[in-house]
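What follows is a set of structures for review.
Two complexes come next, and they have one chain in common, chain A, joined by chain B in the first and chain C in the second.
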Partner chain A sequence: MKKFTCRHLVFFCLRHAVLAGFLLATAYPLVWMAMTAFRTEGDAQARPLGLPQQWVMTNLAEVLRSGEFSSAYANSLMLCSASVAIAVVLAALAAFAFAQLRFRGSHVLFLLFLVGMMIPVHVTLIPLNRLLGVDGLGIKGGLVALAGPYIGFALPISILILRGAFAALPPDLLDASRVDGCSAWGVFRHVALPLSRPALATVVIFNFLTMWNEFAFALTLLGPGCETLPLALTRFKGEHDIQITQTSAALVLVVIPLIIVYVFAQKHIIRGLTAGAVKE
Partner chain B sequence: MAQVKLEGVGKIYPGNVRAVKDFNLTINDGEFMVMVGPSGCGKSTTLRMVAGLEEISEGTITIGDRVVNNVLPKDRDIAMVFQNYALYPDKTVYENMAFCLKMRKFQNPNAAPGSDGFLTNLFSWWKLRQLKKAEINRRVMEAADILGIEELLERRPKALSGGQRQRVAVGRCIVRNPKVFLFDEPLSNLDAKMRVQMRTEISRLHNRLQTTMIYVTHDQTEAMTMGDRIVVMKDGLIQQVATPSDLYDNPKNIFVAGFIGTPPMNFFDATIESKNGQLIVKEDSFSLVTPPEWKSKIERYTGKKIVFGVRPEHVGSPTAEALDNAPKIPATVEVIEPMGSETYLYMKAGANGFIARVDPHRTCEVGDSIDLAVMMRSAHVFDVDTTECVV
Partner chain C sequence: MNSHRLTPYLFILPALAVYGLFVAFPILDSFRMSLLHWESPLLPPEFCGLDNFRLLASDHVFWRALGHNLLLLVGSLLVQLPLAILLAFLLYYPTVGRTLFRTAFFAPMVMPTAAVAVLWQYVYEPGNGLLTSLLRMTIDPDFSHAWLADPKTAPLWIFVTICWQYTGFHTVLMMAGLSSIPTECFEAARIDGANEWQVCWHVALPALRPTIAVSATLSIVGSLKYFDLVYLMAGGLPEASREVLATYIYRLAFDQNQGRYGYGSAVAVLLFLVALAIVVPLQARRLLNRSGEERAAGSSRGRAA
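Now for the complex of A and B:
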């Protein structure tokens, strides 16, 4: 009995040591970023790893005063919100059709959507530049140019997640709603969507994170005077130096919405990722 | 209320799998029809075809005066209770019951014809909405009162017991006041005690509403206790349609005789022989003299093999033992199952095992050899080839 207790204790300590190490590796960059955001440039250069000698708000104020950063913030919020909304609506409709409606070629069509996940972003940069440029649609340079690629790249993974959630809905429940007076649209709107909230939350957050951090399309498809946050962050880096405190302050502002969204939706994300994995 | 008529209905799944074959049945207005049969016999498929949840491969289904082959489930004016309740987990009991009414178009009986103008239309719409809300509330409260679930209306399904959930599922049907109620094994997920209680409640509900009800079950006790008539199915085919007592007393074939009744009917492979002008059922371990009125029906089987069937309560029961000159089966007691009100004796007669339902006070021990009287007038003879009942 004593032997078992010792072994148990050793495993307990080991397990918690590994978890603590993982937590440190994950959280420390964020903590360091937050501390750097509230210290002076000199302090950051002299003692980059220690606690700030003096907590200051000047970096945040400076970043917020910068018109370019604020406008990039607004651009990112607007673009990501609209793109996510459109992507989720389209993905939910397609996923419901793939999961619940019988039609010829549905399996092939679904596989075609999944193939979209295997296309690297960089392969599409030149074709998209030509398609959206003056010789094509002529919308390159503005935010609208980014919406198409963002939605297009969000659809495959979104459809995959939502199709799983819709397919896992109890068939009797959908039959009951049909008898209760729902058309296919009614089943989708009144039964499938409310019951797939965890999967929808997962799709919203996953896509928002991806779009919020997206750099390659923003760099190549946006024109001067129209930036998103990942591009705006590069402005804090000069040719020979980097304003580390202001960069950190900007990063804090960038990360805040994501953390807030994640904290409120983490339960849904976990449930959404496992939704449909097992029969309940 | 409406009559439901199925004419030559069949269901063929991909791969030419025929789940239901040439199904002909008329369910009368206000009748409680039970479909019973083993798993995979096509009873649920038939019910789902009536509901419109399965396409009909052949034949015609009529509800009332309307052929509904190509009518959507929502437009058939039916309501259905599912085996696993199928309640919407994100809605309260009230919302679950009100949902089907919200999905329906509501006609304002006092609407003024020809009214136009944006404000007038807006006002009419708002008034109609209020009327609809009030009507929904009235119907839900009425159904909740019938089922005694008023105190559950604000709860969500996960906070309800199995019996309460099933009551809500029934309530969801009642509020619609449909032409036909469909039940797809609604009591299968309940424990034995709750099943008995709900069985009574559904029967009471039918007596009160007098609506046409079609009830699918694999439990023959439910079928016998609830149905006005019973359809026994096997391999997609109707075996017999009859009232519970008729089905029990006059089974059409060996399958129906064996399926209906607990414990099931005892079957013996035997031959018919003629001896001293009497026809007897001859088995290796016993010979039973048949009643004179059987003669015309079984004479042609003289010297041929038949299946002799007798229910447990017709062997060794007090009534059987009280008969004069009743033929007897000599057998050995293998197992004794005292049930309180009766005792089941698992007997061995030669190579055959059979069950006798005897008086609970009858004294016997395992291994005893006893002679059990048989009520021959209640027994049956079946044709070996066709399995049809001869007597």
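Now for the complex of A and C:
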């Protein structure tokens, strides 16, 4: 072990000071928001910094009672669960073909899917508005309208992640199951899927988070009275702009579940976010 | 695999159908719509050739929006990445509460950008926002500044918010990259008499290059996808100062029922082409490499058989 010198001590302290500075810059806005949610409006106007003079629950209660938020919660939960479930099934099927089956055009088809990951989704706002509107499928305005684009844009990244997992399955095992008479479907169902649980978890968690946070499609395709959580939050802010405590309470209600998921599923979230650029 | 020739296509078909209908078809459709002109959202459109694109060429809001996207791209590379590398280096040494730092730095990344926008609108609130209150407490008790209303500086404050959200993400990437470098490299350099600065600069940084490439790729691809933050935070600015390409598309088509679907589609087509022009060079080498490897693998397999 090296000797612990004065220089080490200075470096140690300096390093922690810089890190603490950045920690403060990152966390303080969040902490401030959380504390504002528990202040009285007068307190927030008079002493916006520091600890609340008096911790009150009325803001949270008020937001929950207003009803917009609970229905937005239910909407987001329903929409995202259903879309994720469908997206994962579709992506797993396709990824299995790309990873384990040989067929003509596989390269071109795979590239076609990758394009969807690289382009900004906003390119499709106007045509999707037409496709889902009265001249097309006629489902614009309701939650169902969002499922199609959500699933469609979840497919590329999901296929990419799952293809990687399926391609890494032990070849001996796959050969053995084929010798035992498994069809492609059987191999997929009984070998590939059960052995790829971590990748499936990544796909589920990452897509859920992405859809839960999505804003542009919801803003464009949902009608009045039907909101997902991010949309409800921004509308709430618009209506209660002056009441910083109430909007903060709404923010807290949106962010808390995410922070909990994040603490438990950090690894999956990071893997999903980087899948698009990591070399295979 | 001893299965029918059609089996692979059956596996792909459901995904392809959904993807085709909700992603590929709309992209193609935007090309078609970019050639149309809507006199009003209620009337049927007329074919107008490339008129929309001619109009775009002299539309200064469009050029400013494109400029904002490029500024965001360059700014992200020059600010977020170096900061992330610095933080990752600092955290590489034995640190009290490293997990806490990492978790906290990354946390803004999992928030909805809409929530980030709402939060930071309050940070920048002129009356009793966080930043104003801090400055009142420390510098000038009468300080007041409408952070998000001044067209000259507001984009900068929005960029600060963007850095707040994404720097931690790049930091976590860099930390993972650093930890995958064998420690022997650093030890060897130290034994050869390098000081810590030289170890970081001449050994760790070059070894980190693949991770930096990943970060840069994500940053570049992401810089064209900004919508939520800019749409929500820059709403109060004059038209030319507030747009990036994605928000311009949205506002042209949907804001106050403007209904300029054709013109908006022309912007969308250009956004699509810009994205391709940026992504293809970034990813081409990787894709070529991969097909090269597969070909090599295939031919060696053929020889073995």
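By definition in this document, the second predicted complex is superposed on the first by the 227 of 280 C-alpha atoms of A that agree within 3 Å, B and C clash if a C-alpha of one lies under 4 Å from a C-alpha of the other, contacts with A are read in each partner's own complex, and residues count from 1 in each chain.
Methods note: a residue touches a chain if its C-beta (ideal position, glycine included) is under 8 Å from a C-beta of that chain, and two chains touch if they have at least 3 such contacts.
These figures come from a predicted structure and were not determined experimentally.
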item	value
Which of chain B and chain C A:Val31 touches, first, second, both or neither	neither
Which superposed partner A:Ala61 touches (first chain B, second chain C, both, neither)	neither
Of chain C and chain B, partner touching more chain A residues	C
Which superposed partner A:Ser183 touches (first chain B, second chain C, both, neither)	both
Which superposed partner A:Leu231 touches (first chain B, second chain C, both, neither)	second
Partner chain in contact with A:Val134 - chain B first, chain C second, else both or neither	neither
Which of chain B and chain C A:Ala74 touches, first, second, both or neither	neither
Touched partner set for A:Leu9, first chain B, second chain C, both or neither	neither
Partner chain in contact with A:Pro170 - chain B first, chain C second, else both or neither	first
Partner chain(s) touched by A:Ala85 [first = chain B, second = chain C, both, neither]	neither
Footprint overlap on chain A, comparing chain B with chain C	178, 183
Complex interface listing, chain C residues touching chain A	1-3, 5, 7-9, 11-12, 14-16, 18-19, 21-27, 29-30, 33, 87, 90-91, 93, 95-96, 100-101, 103-115, 117-123, 125, 128-130, 133-134, 137, 164, 168-169, 172-173, 176, 196, 210, 214, 217-218, 221, 224-225, 227-228, 231-232, 245-246, 249-250, 253-254, 261, 264-265, 268-269, 271-272, 275-276, 279, 283, 286-287, 290-291
Complex contacts: residues of chain B adjacent to chain A	48, 51-53, 72-74, 78-80, 82-84, 86-90, 99-100, 103-104, 172
Interface residues, chain A side, partner chain C - complex	11, 15-16, 18-19, 22-23, 25-30, 32-33, 36, 44-45, 48-49, 89-91, 93-94, 96-98, 100-103, 106-107, 109, 111-114, 116, 118-131, 148-149, 151-153, 155-156, 159, 178, 183-185, 187-188, 209, 212-216, 219-220, 229-231, 233-234, 237, 244, 247-248, 251, 254-255, 258-259, 261-263, 266, 269-270, 273-274, 276-280
Parts of chain A lying in touch with chain B, wherever the complex brings them together	170, 172-173, 175-183, 186, 190-191, 194-195
